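Two complexes follow with subunit A in common, the first pairing it with subunit B and the second with subunit C.
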Partner chain A sequence: MLAELSLYLSFPFVRYALIVSVLIALCSSLLGVILVLRRFSHLGDGLSHVAFGAMAAASVAGLKNDMAIVLPVTVATAVFLLKNGKRGMIKGDAAIAMLSTAALAFGYLMMNLFPTSGNISGDVCTTLFGSTSILTLKRSDVVLCSALSFAVLLIYILFYEKIFAITFDEDFAKATGVDTARYNLLIAVVIAVVVVLAMNLVGSLLISALLVFPVLSAMRLFASFRNVSVFAALISVFCAVAGILISILASTPVGSTIVACDFVIFLLCTVFGRNG
Partner chain B sequence: MISIEVKDLSLGYEKQVVVKDLNFTVHEGDYLCIVGENGSGKTTLLKTLLSLNEPLQGSIVFSGGLKRNEIGYLPQQSNVQRDFPATVEEIVMSGFAGKNSRRFFHDESQKKTAKENMEKMRVADLSSSSFSHLSGGQQQRVLLARALCATEKVLLLDEPVAGLDQQSSTSMYGLIRDLNREGMTIIMITHDIEDVLQDATHVLQIGHTNRFTDIKTFRSGRKEEDHVG
Partner chain C sequence: MKKPFLIFLLVFMCGCSAKKEEVPPAEKEEEVEETETTDVDLSFGSQTITYATISNILEDPQEYMGRTVKMLGTYRQFYSETYDTYYYVCMVTDATACCSQGMEFKLKEGSSYPLDGQQIILQGTVDVYQEGDYWYAFLKDADYKVY
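Up next is the complex of A and B:
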């Protein structure tokens, strides 16, 4: 088994896949801390469906570089949803449900009406459940992904204290002079970027798992915000690596294998955790 | 000498006016109690003083060098996340977040101030405990320590003893009294004015008619009512 593994690891595309998934797992778990504690667990899910719709639109329009459409649309949706979380005509969770299903429906509709390849259900399945595209990454993808992940990590560390204050008690933070609107915007943009990145890894249906499971697992074990952040990141990275290695050895789908690992770890943390 | 002057203030949501023509002034060292029925707009007033809500009309003037973000705030208990994974120290330190707008992290002097505030609120020995495992009274004292990190001048408290047992309430009022005696200006919403009649210097009643009086007038007014009643 080890020989088989080292054979696979000698291929650059496997190494690329590992690097990218570790970075994405790291970023998504940190943002997950914010989302779960602010009761926005569904945001990632909703955004990824919107990204799916945008991706379908881009491919129908025949754009080669679909990031140019997908990223701005997703960022705009994130800003809109976070801003309207408390007030506005349609309340937070309903707005997310509405937007995400509508985007999903229109995306699928467009792919069927204007097929770009012979295998529609294959394309759709790939986008929804993650794909082999994680194994077809080019060097430039890896560089882009690394740069974005590094930026996310840097933002989380530099603004750690503000993020904590806003996540724990937004009113207090605002009343005592934290520019909450600016940080909310920053968080929304970062979340959208991570969701779009993560679509490559686990697909748009399973993104919530990357955001939510590591945090919930860490919360079963630790009581401080700092430890929850650190261990959510560690758990997430561990599951991503384990998931990819298992999927290579057992030829299972990458995305669902990673999520299955996250779930198993969560169960273990719940059983053995002191806060469970 | 700092002061907060409220002039012809009207509060509410969109078209519905909740409080009208409110006028009062709070001076340094005052202890103002705000009383009124549920839904009379007490919390809305507090949030407007904190610049969380916009007034419909009128103005709030801060003078004597008091800045808008130099006000500490103890929110209503129901607005605080009880199951949040955080230690007491993390929460108290978050009181500084608004002061570090040009800096990423707190400095050593803030750490020292936080420790002093935790000692003052008698939660220093809990500093690495989990917030969610504390009793209601302890949680309130932690949040008060956080508020003290945000201000040295004015504290706004929204029903600080709601949901606490008699003993915790008494100790909470005692802590607020001590802060006031050290020079902290207190603006507090409360349900039962009886418990703080000895401490308060002014009373603001809001409702159909708003009445702002000093405590002596308030007390003698109540005596007359008792005689008539």
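Up next is the complex of A and C:
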């Protein structure tokens, strides 16, 4: 098995997949902490469906690089849903449900009405479940993903204290002079970027798992925000790497395998954690 | 609360440890005569890697130009009325089996093609050809064995 793994690691696209998956897992876990604590867990799911719709529009339009449409549309949707903090979510999860299902339906409809390949179901399935997308990255994709991931990490580190304040008590943060509207906008943009990146790893339907499971696992073991963030990142990276290696060796879909690993770790943390 | 979870976990781990019986690669290799060095051997092992490698070759053939590829797949042939030509393809599916890729190939002079639908182990050298406005990757001077 080790010899086989060593052979597969000699393929450049496998190394690209591991590099990108580590960065995406790191970013998604850190952003996941914010989403879970603010009770926006479904936001990742909603945004990924909107991104799917945008991706369908981009492929119908014949764009070689769909990021030109997907990223701005997803960012705009995130801003719309999160605008002005609590007041932006006045319609609650209904707004997410409305946008995500409509985008998913319109996306699939467009791909059927204006097909760009002979295998529509296959293309949809791959985008929704992330079968092998992460294993078909080019060098330029890796550079772009890496740049965006590093930007997300930098923003998180630089604005850690403000993000912490807004996450736990937005009203108090505002009262103490923090420009909550600006930081909510920043969080919305960062979440949208992470969701678009994570679609390559686990597909549209499973993104919530990547955002939520590592955080929930960490919360079973630790109580402080910092410890939860660090441990969520470690779990997420471990599961992403383990998921890719297992899927390569066992011929399983990459996205589902990663999520399965996340779930197993969550069970272990639940059993052996402080609340178990 | 912990007990049911522990039991569930034990059952889950037992299920995960059950291995599928597979024919070890060495047995398959004996059936195939290697006439040249293979740079990329996809004839055994992970379906995920095979599918991903074929996708990468088709997407960016320049990276693999001149390299010998060996793969296991299903032979299919297709006829194009537009170009009045047959295409001979070795098909592979991904792990979910919802997607499939085909690596086109051309056998050495004088060779006959397999029966449609046969599983074959194919070996050939990556090259490209132009048809219409597009360039396509294929395996030239290919050879095969029925699997």
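As a working rule, the second predicted complex is superposed on the first by the 268 of 276 C-alpha atoms of A that agree within 3 Å, B and C clash if a C-alpha of one lies under 4 Å from a C-alpha of the other, contacts with A are read in each partner's own complex, and residues count from 1 in each chain.
The rule is simple: a contact is a pair of C-beta atoms (placed from the backbone, for glycine too) under 8 Å apart; a residue touches a chain by one contact, two chains touch by 3 or more.
What you see is a predicted model; the values in this text were computed from it and never measured.
Once chain A of one complex is fitted onto chain A of the other, the partner contacts of A:A175 are limited to subunit B, with no touch recorded for subunit C.
Of the two partner chains placed by the overlay, only subunit B lies in contact with A:S224; subunit C stays clear of it. Contacts of A:K162 after superposition on the shared chain: subunit B is touched, whereas subunit C is not. By the touch criterion defined above, A:T252 reaches subunit C but does not reach subunit B.
Within the superposed three-chain model, A:L268 lies in touch with subunit C and out of touch with subunit B [touch as defined at top].
Those residues of subunit B lying in contact with subunit A across their complex are 47, 50-52, 68-69, 71-73, 75, 79-81, 84-87, 90-91, 93-101, 104-106, 128-130, 132-133, 146-147, 150-151. Every residue of subunit C that touches subunit A in the complex is listed here, in rising order: 1-2, 5-6, 8-9, 12, 45-49, 51-53, 55-56, 59-60, 63, 94-96, 98-100. Contact residues on subunit A toward subunit C in their complex (touch as defined above): 4, 7-8, 11-14, 119, 121-123, 125-126, 129, 131-132, 135-136, 138, 247-254, 264, 267-268, 270-271, 276. Residues 37, 158-162, 164-166, 168-169, 171-179, 219, 222-226, 228, 275 of subunit A are the ones that touch subunit B when the two sit in their complex.
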